[in-house]
Every structure is written in structure tokens, then in C-alpha cells.
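In this document, chain identifiers A, B, C and D correspond to the written order of the chains, with residue numbering beginning at 1 in each.
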Amino acid sequence: MINVTVWNECRHEVEDLDVQEVYPETIGGCIVNMLKPFGFNLTLVTLDDEHQGLSNELIEQTDVLIWWGHRYHDELDDALIDKLHQRVLKGMGLIVLHSGHHAKLFKKLMGTSCNLSWREAEGGEREKLWCLKPSHPIAEGIPPYIELPQSEMYGEPFDIPDPDELIFNSWYQGGDVLRSGCTFTRGRGKIFFFSPGHETFPIFRNQHIMRIIANAICWANQAHQSGWNFDNWGRPEPLEESAPRQTYFKKPRKLMVAEKMLAMEKAKQE
Amino acid sequence: MINVTVWNECRHEVEDLDVQEVYPETIGGCIVNMLKPFGFNLTLVTLDDEHQGLSNELIEQTDVLIWWGHRYHDELDDALIDKLHQRVLKGMGLIVLHSGHHAKLFKKLMGTSCNLSWREAEGGEREKLWCLKPSHPIAEGIPPYIELPQSEMYGEPFDIPDPDELIFNSWYQGGDVLRSGCTFTRGRGKIFFFSPGHETFPIFRNQHIMRIIANAICWANQAHQSGWNFDNWGRPEPLEESAPRQTYFKKPRKLMVAEKMLAMEKAKQE
Amino acid sequence: MINVTVWNECRHEVEDLDVQEVYPETIGGCIVNMLKPFGFNLTLVTLDDEHQGLSNELIEQTDVLIWWGHRYHDELDDALIDKLHQRVLKGMGLIVLHSGHHAKLFKKLMGTSCNLSWREAEGGEREKLWCLKPSHPIAEGIPPYIELPQSEMYGEPFDIPDPDELIFNSWYQGGDVLRSGCTFTRGRGKIFFFSPGHETFPIFRNQHIMRIIANAICWANQAHQSGWNFDNWGRPEPLEESAPRQTYFKKPRKLMVAEKMLAMEKAKQE
Amino acid sequence: MINVTVWNECRHEVEDLDVQEVYPETIGGCIVNMLKPFGFNLTLVTLDDEHQGLSNELIEQTDVLIWWGHRYHDELDDALIDKLHQRVLKGMGLIVLHSGHHAKLFKKLMGTSCNLSWREAEGGEREKLWCLKPSHPIAEGIPPYIELPQSEMYGEPFDIPDPDELIFNSWYQGGDVLRSGCTFTRGRGKIFFFSPGHETFPIFRNQHIMRIIANAICWANQAHQSGWNFDNWGRPEPLEESAPRQTYFKKPRKLMVAEKMLAMEKAKQE
């Protein structure tokens, strides 16, 4: 069973009445409830939990981490982010939702500003997510496009490195587009950025959206985490013995250095 | 004319007799001398210069930055690295040579450990750089392969994101391979990682190697830096007026919130 | 000076009154007129010219080929397409406009159906081309988005291999999106697919659209066509002499074969 | 259970005594025997079978096709290749082994010459396959590198489009390198090119090599083939009703055309 940790900032749910109206069970609570039927081992944590929700033990045991944060990215402890970054490089899957585009962890993995253009219109606007890769595991069971009646606009230009795969491309009523479902690999870690999920619209109650997230969990999870990692790997012995090398130098390097040092010392004596 | 800044750590040249033997004019000095015939406007700076070589003015004026560092990556000031990172995202070209794979700036742009396997054999070992993309501007004038009689082995697994383009693929005498010439784009910035250039071998005197670096400078330089950047771009007004939206809610959101707050306040009064 | 050949099917211009109205000088004529100020050496040919417009001499001399075709893709001679295919692999640039997505040459280079979804609404519909890569040479001088008041919808799913670079992403009034500006490399040849350009709308009179095409010509042209090609390259002599090989066989292969043949012949004699 | 069809040219096995020595059960026979423990539903066919081994029924039922051909690529019927090409675009997985780089089907899917450099040295030469992506499903259970004591050299420059993923990178004793394990997507079809497998060396008896092929079968198979395809998809009705369009023309197009035709007819009468 895949160990999925859902990290939810969970401050909107305290601070904003309209978010409470849409997600009385919190955003993270909704995600967990919607993912239950897929048979994952789910853990829900929030920014205000001990260790900002992510103890060393939990980080170690997590196969795939889902991230929803927005207003308080800056509060995240840098040391925690470093740990999570290392854990992703060692093979933990990561699914970054919506405003997580500006999360410290995501920006650290991307190396760019992750800026985009955005518009929060009263009542939102229609979004259509077009699927570009029907054969991708993340798109299993998904029709050519998904319609979201109300969504916050997140649009291009989006400052990310070219994704490994562009799976969803969004259309917005107000005239914008976005690469809205993108995969990345960093070290052994597989990362999926997925833009839908604004706090004031019940997008995480949409069956297609949750199917995509469930598919992405399976995709990002690595059955073979016991394999080798990308280490700084000094290997003094060559694998091959081969023909004598040409050299730029007439003498072995260490001999040359020794003679030179000797000459310098002698020069000092005189 | 392209403004090229060559940043050289320049400590090996002070500390190691064998490096002095190979590069009496320093590594950076050799690079600058070899690049002169190409007609760039060249500036040479080192770690021990004021501002670690990179004042705000110089950073601003640099079109393409060449980076050679090795033993003292950790000494680089984090605030300086942040400035350089921002400058790359805004369009400065960056050419990272050899052991710069572990430079703070490169790792920050990649988001990975940038670890690789390595072997410093006495006398080095032969390296062959195979060119995979003869039509790429960086490969102009380069034969199918370049032979380096002595080189330090830098090998796979190399922990980088998939490069945008893989231009050179290296063979080593001792049994290893490396993606040795890779391009990346981050924000508006174009980045070229090029692995040859160990401090104890006169690799920067090789005409092919320097032609590649000169080609890469032209490629990484942006003729059109005056264009727009990737900003956090709030755009409250939609570009398109369109059909009425469906809504999840029966009332406008702000009205709903106001009524709810009123009800809560009344409840408190009672 | 870059030798640009504009290939125009030029049958709509004969058959359709509304196309005559929009492009009295023909589509190809308009493209050539609009490109003149950029200083290319331009040649205009059509399907109904001798050799379907493309003699061996012209193919050889062309640096960059621009392709506009639509209704008569099937008439193109397969032998001509093979020649053009080979010429692209050897380094001729190719810019495929609009309905050229179904041209034999483009499909042969892509290896896919190049199908897409499409809609020709009376009066067309608005298209917005969002630029994703402001620092790309093809995007020089282009704002964050270009608006076309009337365009034919070409939308996803678009059956192309993942492009090397996705430079423009289009929004359509009717609810669709398209990867509308894509680069590909095949052999030494650089290819740009650009979707705008329907025959009944004056899109090739738009300054931004023509700037993009001019930029793409410069990008696709190769200054260094004299370099080496991708040949079937038998190289019997190893580049390296190295340590003795292990072998699966106890005897040299030819000796083994000879002995075996001898035994078979002897068996026949008996 | 995954339906795997192994297509083997199977002429070397008739014509060459040394191949008979290495693969008395034929190359295809060896592949099938080695794959049996993985639990696939395996079918072995050859060029000299009816329908060149691939009846319409078999093509339809095949989930993943493995291709080993070398000397007689040209004999393959073009109509059969077209069928197979269509089947790949509709979702059949394809694993192309060794000299299949020049198979008609592979070249048609790539759009390039697929040329490479090669050397068949007496006794072959050592090859090391370095794994670049330990977390990829195709690399599950594979160490950092695999050594083949004897192999035919297939080297760069290799004329393929940039692969989606570069999983293996080969080193050869004679001084060459090759992108030896590459993935591609074409339409819904997932393709893996894997270079080891020369007819005179028992490479298909190597457990690591066969594990990679078995992994690739699982990766290339699509659990969700019932989904939609990439069709030429005319969709006359817009998905969105939106604000009135600007038009280039003062009149509706059809009215304009009608009036113009009328004027022309009248002019003829006079």
C-alpha cells in the first residue's frame, strides 16, 4: 500500500468564511476523503502541527507527498525544506497542487521563480483542462477535456523549466492558457505539478480531478526505492585497464612537484 | 560586443605547484587569452577580489558569465548567489565549466545534487567528446569527436534534470561515460554545462574546447534582453468578456460572507 | 543572405472567391511581400509549377523552405517528398504553416498522424497566441501574447511527438487550446511548426505573425552546413587499443565456422 | 496478462553457422524462453511465416511487439508496415532491438535515417551500459552499469529525434559511446529502442538485459487502451458561446461570395 501524506497549510480554513463554506472539512480533509476509495494509506498533516506537520519519521515513511499551501509559504522552516528536498531526490514522489507553485520546496526543485500570471475574478471563470497525452498513466480514465465551471485563473507565462511531459493544457474563459499538468524528475524523485484547486471553489470534489491526483500518486510512487542513489561517487580504480596514456608531462606529476618544491626550498636556503 | 565575465576561483593557482606548472597565467587567465581572438569584451575576476569578484555593476553589465570553481564553493556568499540566480533568470547567459557542477549557483539553478562519479588517476585518462548535434550553434566547426589525451574522469550517474539538449557525450579510457555538454533554460537565462577543464591538464589550450566555449557564449547571449520577464503578474481584468458563468453558489461570494459574519455577530449578542 | 523558398499550394486562390478577396496577390505572394523588408533572398513557387515547384537545383540551393498547403497534399509526388525529406535531414530549415500539419513532408518527419481537432466557424473566432519562451530567438520582439481577431480553430489533441521546444500556446474563443508554435530537430534539419494562417483571414498581414516567421527563418538557417552529416558510418578500426577481451568462445569465430563446415561436408560424403 | 509478440527475422539462424552456434534455438526462441518466467503471453513469429508473421488478427491482439531484424529489412511489405505504424499510434507498445534501428517501422516512426556508426570487430568488444535513470520503471532491479564482455559497436552520431528519456548510455572498448536505451512516444504508442543484441554474441542470455526487456514490456503496455485516440476531429460547434467577434469583413462571407459570383455571371451575360 502506498503511504500518502497530504500536507495542507490549513489557515484559509480558519481565517476565511468563504473557504469554510466550501470546505467545512478543510481542503486537506476533502482530499483525504476523496482519495480513500483508491486504497492508499493516507496521513493528513497541517502547518500548525508539531514539526510543521512533517517529523523525520513521517518524511522517511512517506512514499508520495501531496502539497497544498498558499498564504504562508514563508513560514516553512528552511531546514525542513532541505530535508524534504533531499527526500524527493532520494525517491519520494511529490504532487504540488495549485498555489503550491510558489512553495519553497517546489521552487527549490525547479530552480526558477515559478511565477505565473493570475486573476481571481469574483465568481471565478470557466477552465477547460485539455489532455495532451491520453496514454500517460496520469491520464487514465480521463476524457479529452475536463470542464471546471469556476476556477481561479493561473496563466502563462509560467516560469518553470521545460517539463519532462506536458499532460494537461488549460483554457480559461478570460483569454488565458496554462501548462496545467506537468511532470518533472529531480534525482530519483518524480514530481507532478497540477494547477487546479483554488480554495474558494469545490474543485477537489470533482471526480476527474481526484482521479488524476490518484493516478499521479501511483505514477510518482516508486516500487523500487531500494535501488541506488545519485551519490558523489569517488571511484579511484578504473574499470578498464587499457593502453598506455599519452602525457602532457615528461615526468610523473608527483615527482615533478617534489623536485620543484625541493628547488624552492634550496633557493630559500641560499 | 558581448560582455563576458570570467569568474575563476583562482586558489589552485596559489596552492598547487602542479597547477602553476600547467597554468602559470592562471586558469582564468588562460581562458581569457584563448577567447580574445573571438572579439568578446572580456573581464577576469576571482574569488579573492572585492565582492568576491562580482559587484552589482559588473553583474548587471555581464551578458554571459563563465564559471570555474572547485575547492571553495562553500565560501561564496549566499546573498551574492541569490543575486546571480536572479540575474540568470532575467537573461544573463551562464557557462559552467568542469568542477562548477558543484557550484552553489549551478545547484540552485538545477534543483538537484549535481553529484556525479569521478576519478582523478595519476596522469589522467583519455577522454573522447562525441558530438551528438552537428547542427547546433554550440557545435559549429567541431568534428565528430574531440580527443583529450589526459582528463579527469567525470562520469554517470550525473544527477541533473534532463537537459534541454544533449550536445556532447564523453567516453573515458577507464570505462565511463558522461553527458558532458548540456544546455538548460531557466527563466530567460540560457545555461551550458561543459565538463572538460581539470586544473592539472592544459585542456583550455585545446582549440576545439575553446571554440565550443566561444560558440556557447554566442548561443547564451541574448540579443533581445530588453523584452519582458517572468513576473508574478496579477491581472484582475479578464482579456475576454464572455457568456455568464455557472456558479457553485446561489449568491455572490462577498454577500454570502457578509451575511454569515452578520449571523455570527448576532449569535454572539444573544 | 539566406535563400528562402516559399512553397504555396496556390489552388484556393484559383478556386475560392473569398480567398481571392483576402489574398488577391495569393497567400504565397503575401508572405513574400511581407518578408521582403527582412532582407532574405526569396523565391516563390507553387504546386502547379514545373516539378511541382521544386527542381533539384532549387532544393539544393534552398536554406529554409516555407510550406503552405491544404487541399491537395495527396498530389505531391512521393519521390519529391523523399528528396525534400533527405534535404531536411542534411540541414535545410523547414517552416510548416497552418494546414501544412497534414502535408506529406511534415508527417514523414514527425512519424505520427499529425491529426488535430478543428473548427471553421463562419467569421472565424478570436485566437490569442501566448508566448512561453520570451528569450527564444523565434520570440524576439514579440509581446506576451498576440491577438488574432479571426482565426480557424486548430486544437488539441494534436498528434505530434513532444516538440523540442514549445514556444507558443494558443487560446481560442470557442474553448480550445493548441501548442501552436513548436520546434523539432530531425537529422541536421531544424523545423518550426506554426499554426496561424487560414486562407480566408488576412493573418499573414499581421506584423507580429510575420516577425515570428522571419525570426524562425534565421533560427532554422544553418550557418555551418558544410559540417558532417549523420551517415551510416562503418568504422572497422577501433579508436582505442585496449586490454585483451574476454570471449564467450574458446576458438576464434572464423576457425570455429571453418571446422564446423568441414565436419558437415565430411558427413555428406559418408 | 500482457500479449507479447516477438518478431524475429530468423534468417541469420538459417544462413550463418556462427549464429546457429550461439542461438541454436534461434534469437527469437531465446528471447521467448528468457521472457517466460516473467509471465507474459508470448507469441513467436518470423519473416518467413505467413503474412510475414503478422496477420491482422495478431496485430490487433498484440499489446507489445518486440522487433529483431537485420539483413532483410527491405523485404517487409510496405502495406504491413503501414498497418503496424497505425497500430503503434493506436497504443501498441514497441521494443526495437539492436539492428532494428534500420527497420522500416522504426524509421517511419522516427522520421530520420536512424543511421549510426558501427564496427563488427572479430571477437566483438566490451560494452558497458550505464544507467542514467535509476528510478525509471525500465531500470528497476538494474545496477549502475551492466558489462557485456563481447558486443558489436553501435555508436554516435545516432540520427534519432531527441528521445523522450535517455535511460542507458553505452561505453565501448574501442572508444565509442551510444544512447543505447531510449524511449519515445508516437501517438498513443510507447517505444523503447535498446541497442544490445548482436546475432553472434549470447547477449540475450544475460539476465540484466532480459530484465530490462521485461521491464520495458510492462512500461510499454497500456492498461487503458480503451481510451480515445488522436483523430482528425472536426468539431463544428464551439464549446463556448462568447462575445461578438470582430471581423475583417463588412459582410458575412457567404453573402459576399454570392454577390461576387452574381456580378461575375452578369458581366458574362453582357
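Here is the rule we use: contacts are C-beta pairs under 8 Å (C-beta built on N, C-alpha and C of every residue); 3 or more make two chains touch, one makes a residue touch a chain.
Keep in mind the model is a prediction, meaning the values are calculated, not measured.
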Each chain counted as touching chain A and chain B at once: C, D
Far-end chain from chain B, centres as C-alpha averages: D
Chain centre separation in whole Å, for chain D relative to chain C (CA means): 21
CA centroid of chain A to CA centroid of chain C, Å: 35
Gap in Å, rounded to a whole number, between the CA centres of chain C and chain B: 31
Residues within chain A bordering two or more other chains: 126, 128, 134, 144, 155, 157-158, 162, 164-165, 173, 175-176, 185, 187, 228, 230, 239-240, 242
Residues of chain C that touch chain B when the two form their complex: 91, 126, 128, 133-135, 137, 139-144, 164-165, 173, 185, 187-190, 222-224, 227-230, 239-240
Complex contact set, residues of chain B against chain A: 17-18, 21-22, 89, 108-113, 115-126, 149-150, 153, 155, 157-159, 161-162, 164, 173-176, 184-187, 200-202, 228, 230-240, 242, 245-249, 252-254, 256-257, 260-261
Contact footprint of chain D on chain B as seen in their complex: 128, 130-132, 134, 144, 155-158, 162, 165-166, 169-172, 175-177, 179, 240-243
